[in-house]
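Structures given as structure tokens follow.
Below, chain A partners chain B and then partners chain C, in two separate complexes.
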Partner chain A sequence: MIQYSIEELHQLFASKAIDPKAYYDELFEEVELQQKRLNAFVTITKEKAYADLKEAHFENLLNGIPYVLKDNYNTKGIKTTASSRMLEDYVPVYNAHVVDLLSKQGVCLVGKASMDELAMGGTNKSALTGPVYNPWDTSRIAGGSSGGSAALVASGVVPFALGSDTGDSIRKPAGFCGIVGFKPTWGRISRYGVIPYASSLDTVGAFTRNVRDMAIVTEAMAGRDNRDMTSSFKEVPHYLENLTDDIKGLKIAVLTSVSDEIRNPEIKANFESIVETLKNLGAIVENVTMPTQLMRTLLPTYTIIANSEATSNHSCLDGIKYGNRQPGKTTDDVMINSRTHGFGDHIKRRFILGNLALATENQERMFRKAQRVRRLIVEELNKIYQDYDIILTPNGGSIAPKVDEAYDDRLSDEYLILENHLSLANFAGTPSLSLPSGFVDGMPIAVNLSGRIFEEQTVLNCAYALENALNFKNQYKREG
Partner chain B sequence: MNFEQVIGLEVHCELKTHSKMFSAAPVTFGEDVNTMVNEVDLGMTGTMPVLNKRGVEFAIRVCHALHMEIDELLCFDRKNYYYSDLPKGFQITQDKRPIGRNGYLDIEVDGEVTRVEIERLHMEEDTAKQFHFDDYSLIDYNRAGIPLIEIVTRPNIGNGAQAAAYLEKLRQVFLYTDVSDAKMEEGSMRCDVNISIRPFGSEEFGIRTEIKNLNSISNVQKAIEFEAMRQEKVLIQGGEVKQETRRFDEDSKETVVMRAKGDAVDYKYYTEPNILPIRLDHQWVMQIKDELPMMADERAKLYIEKHGLPQTDANILVASKDISDFYEETIQTCQEYKLVCNWLLGEVQAYLNKENLTIQQTKLTPAYLGKMISFIQDGTISSKQAKKVFECLMSEGKDPEVIIEEKGMKQISDPTTLTNIINEVLDANEQSIQDYAAGKDRAVGFLVGQIMKKTGGQANPKVTNQILIQLLKARVQ
Partner chain C sequence: MNDIEKMLKQLGRKTMFDVSDEEMPALIEEYNVFMSHVQALEAIDTTDVEPLAFPYEIETTYLRDDDETYVISREDALKNAKNIQDNQIKVPKVVG
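Let's turn to the complex of A and B:
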């Protein structure tokens, strides 16, 4: 089975060069194979995909295109588990807004992808269905929390998949899997119907294998939704039409507070080569820093804000109205028993932490303090954006870890800044894209490009230019 | 020892908006359980709140009516707690920045006017309704998400009678601002009481208890009176009042312990992240004030000063907004203020009491009532006939003109017609003319009776009298 981009596949379907039915037959054979290899699906929606295909007439770019949803997107009539025992058999009565939007475009749903339980994690090891393996080396993780979506795009099963990004949950796995991952501006895409993690940080976004496809998918999802009051009324630009790889004069800031932390010499060399490439493309690339002290607060600030919001957001999961209900003598017992049974240990730890930070006696010195620090971080970041269009950083400090060596909540100094800086874009709500930049030990590595809020186009253009100058467009890995 | 009571009231009021506070599901009452809900009301994970603009408008109306300062930056918070009637596991409310602050309401008890200071008014959403049975519970989510406003007074209410007067007045405000049907019996208006007592002259507050489960204004008063006595007994016996939540037991008319203070939950309030602060348009806020209907006090003043109604009548008219509104509409077509008032407070009220109806439930319209009263005024019908017309008006709702026509009730007021009839009667009653000439006034009454008999009661009494006297005088000369 040949791997096509959205644009290629559309061309082939529309011109009748290939038979869509035959293509999907082949696709689902591949789904079976890759599921055995990667364990990336929670649910395979074969019937739904064929039903969607029947309706397709290939009149627009996304019509008839196969895709995958992270399992925290509510899908009416289709099991939506968020990889949690609590929602093991949960079948929603409504669709997430973007699911409706994409359905209108005629996309075909291939399946629901595995994720860290309730999107809280960075390894995908906490999924109820077990770890998701990296297509480039199945002894390694795909990353998280959107690990299943990343693995399915990186193994060439589908040209695009949706993820969600609260701290780095799209961009980290995109980097580990050698594909494009994009978190647009907070408020650019409706979050309605996406099982939340932390509302003030959560963002809907996608994985693709090239930047043009990313422009297509982002454009299809962006825009105001009256069911999400935080979604913007701002007009949505034609990202694809406006896409250009001419970045002459673009002002790019290299955030050395992050890149100076790189220990791995090959990653360091790769990053330096990317800086050179961007200069050769005509961009003005300069070094900037942020106060180290502030950079060291990223993880604790994130931990407190994200878990505090999460504990409240997931209070609805009590076994009373839906989800996994455990019996009890009183309604209180039902709730306690259901939540005890329904959540994994790491989730309970995070809920306890969030409750601790929100408790009236602690709120001022924990939750509110974290919010104030967040504001300081954003102010510092905005100072850089006064002079620069793009902030460039390495995506992370290592290749995807081995499955049995990957842990969440690492607090070692080595990783404190280098593995947590992607949360900057969540704190500030800015668009942020991770792009494959090379290989180390046969595993993909990546760089990250972030821009000002609502300047998705600038970020996409810069990524497009860099992608064209590099050799990693449309890459995928099928066999181990 | 003499004690004084320190009372503060928290009132919740359900707003009669078309849809819920944060979802598009309809607000209706008396529908089948769990039919007026959508995924938002059920707290389905992934759903998000959308603020109901009309709910905000209603809250602003009440703020204006209570003379409050309005915070034009709308902020919402989450109140986090687990309870099976709370679908999301948190309630969206306004903790830090209520929409209204520092208002008041003047009340009158036994001729003495007191000002009840109101600390805050905030918006929030209602919970689901629960029904507990021996070994299971049922939940109806129709109520979940219905808009609520909560109004909190300062602790400056002095006794149960004042509390009752405040609640009556507040209820009037809800009705006059047209934001709620405000029925305590049905739960669309709810009241919790905070009460403590202290020796007269003391500056310090005593330890307070909270009383819940009060389903009528009179029960609020009874509960306060009982609780004040109870606390007094405890103190006089050298005991200590415990800070606790009590409920009013309707059967025993006593307050009983519900839960001790130690069971209090930490609500962990924090800003609702899915509703960013909203800057209200100042023009809009002021426009709501301008469009506010006149409150009861103002109306009563107008009725007395401009319509010349007695104070007691005016007060009774405004006691019910329905009746007051009806009065105002009726005087659009008939400016006989006192007559309209008399009919509304007399015949209409008697009918409503007898049939146990509200005025909207009858077929009576202000236009027809006005028309009927005008017919009485211009002599088309007599007051006696009017009572029959009124009965038809209430039961059939027909135009009084049609009723009069159909019943052949129209008075004979035409002098020529009447003169002919009276002459016929005089011709047949020579004896009465002689009696009249002899100064026996009784004769006139007898003759009128004969005329009425001949006309089936339709002769206009006033005109008849005039013509009869004229004709009599002419005959005896």
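Let's turn to the complex of A and C:
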């Protein structure tokens, strides 16, 4: 019985239709089963959940609701590893801002979820605790970097989980796992206390199994926080109260520079059917393009900016103040030995190449150049938003890959553009939501809806309308 | 060891890593991909285009009153350090 949405569960708790303690007992039985099947938790916080539950009075929508945090959210007194050996026994002395906000609402923390090491990856295979498996087919990945959070919502264990999104780290796994994933506007939600990856791109967001729940969670987390100087002073709208599935006259741009790269005929047909559905709902749907040469620079621009910012952000991980300390004859040796031992090979490579782009002799040619190209990309994207409220794209070109599968051709436009285009919303900071749109070979696929900055409501409304027209709301998978 | 390997090994030290001989082939492979990314960007004309450091223009730095607003205790600050002595983090001897 533990597959309820936030709203359903609130209703059941508040009306005393079910016993909360019994519900959580059953929930933790399922946690054990799903952990064996999916390997999605780093830490299970059973005692904390029951302690939180004791304080719950079910007076508001999130009170008493179970949830999961990606393991890069600092949680006071609870191990926070970011799935890295470097932080495997790090216990924060403070909470991330959004953890405090959600705790004030009375949520119950079920556990900390696995992720790609330091959120740097798209497969969740680099986690210290090993790969996270897809609930719909455990021979496949859940995606990354927020793979544990996605898998735990998609297996119905919790109605919502937090992730973080720097390039597509919420939206890609949401698509692979058949659930809703939302990256709000950069600046809409404080990132204080979230272990960073690349600060000019990083965004806090969530996974849910329906759009209404996403409105609830996003509203609870949004708003200014003085401890994150990039968080916005803009007033937070009542996303749930204002939610409507009336999208008549909404102007939707189909970005064919992306959708034309779909090679899988079933995914193509699905995407075309979604376009028709939106037209039938009364939206004005038209095709738009962006220059191909610029679209081919999405991955290069992302790689250079993200690696460079990550190198800088993680220079503090030296084993001295916290983290996995290794012996050495000098302080420098301690740092070098700690970092060499503490990070996975792919993280070291990314840091070294990030440092390459930041080196004085390369900075203009590499890092600054990437920032200039980023401006061109964002300007092109914003031209579309002058005429359209929403940009529609496929979430990707394939179902979740097998655990040992590698992408065949990393120089093809299918890979460079289709598989990497979700970073557009990170470059421009725009709200971007991935919504289940169907199944191919028994695996979920998705579409992506993005809107103008701070227009979360428009994105949520469009997603709500589409969700109501399709049949993939509240889906989950426990076996297989 | 060729020049690129030597450069990457030195860059590794600057990034506070030891790069082993076993790790070098994978690093070279990723370096080549990285340089192909640099080339892809070089093909784009960015004359008179300013770098974009944040997604949109925002003011993130301004003066505030010099109040102690968010503080943590000394005990908390030292909680995660592995080697502590007399309320300080201990490191190998720096001065002989």
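Worth a mention:
In this section, the second predicted complex is superposed on the first by the 471 of 480 C-alpha atoms of A that agree within 3 Å, B and C clash if a C-alpha of one lies under 4 Å from a C-alpha of the other, contacts with A are read in each partner's own complex, and residues count from 1 in each chain.
The definition used in the following text is that contacts are C-beta pairs under 8 Å (C-beta built on N, C-alpha and C of every residue); 3 or more make two chains touch, one makes a residue touch a chain.
These numbers come from a predicted model, not from an experiment.
When the shared chain is aligned, no partner comes close enough to touch A:15: not chain B, not chain C.
Of the two partner chains, neither chain B nor chain C is touched by A:386.
Contacts of A:200 after superposition: both chain B and chain C are touched.
Within the superposed three-chain model, A:321 lies in touch with chain B and with chain C [touch as defined at top]. In the superposed model, A:229 makes contact with both chain B and chain C. The larger set of touched chain A residues comes from C, when the choice is between chain B and chain C.
With both structures placed on the common chain, the touch criterion links A:471 to neither chain B nor chain C. In the superposed model, A:360 makes contact with chain B only, not with chain C. Within the superposed three-chain model, A:94 lies in touch with chain B and with chain C [touch as defined at top]. Look at A:308: by the touch rule set out above, it reaches chain B but stays clear of chain C.
Shared contact residues on chain A (touching chain B in one structure, chain C in the other): 93-94, 200, 226-227, 229-230, 311, 315, 318, 320-322, 331-332, 334-335, 355, 359.
Against chain A, the residues of chain C that register as touching in their complex are 8, 11-19, 23, 26-27, 30-31, 33-34, 36-38, 40-44, 46, 49-56, 58, 60-61, 69-70, 72, 76-77, 79-83, 89, 91-92, 94. Within the complex, the chain B residues that touch chain A are 39, 42-51, 78, 80, 82-84, 87-90, 137, 139, 266-270, 273-276. Residues 90-91, 93-94, 186-187, 200-201, 226-227, 229-230, 232, 293-294, 296-297, 299-301, 303-304, 311, 315, 318-323, 325, 328-337, 339-340, 343, 345, 348-353, 355-357, 359, 365-366, 368-376, 378, 410, 426-430, 453 of chain A touch chain C in their complex.
Of all residues in chain A, those touching chain B in their complex are 72, 74, 82, 87, 92-94, 96, 191-196, 198-200, 226-230, 308-309, 311-318, 320-322, 331-332, 334-335, 355, 358-361, 363, 367.
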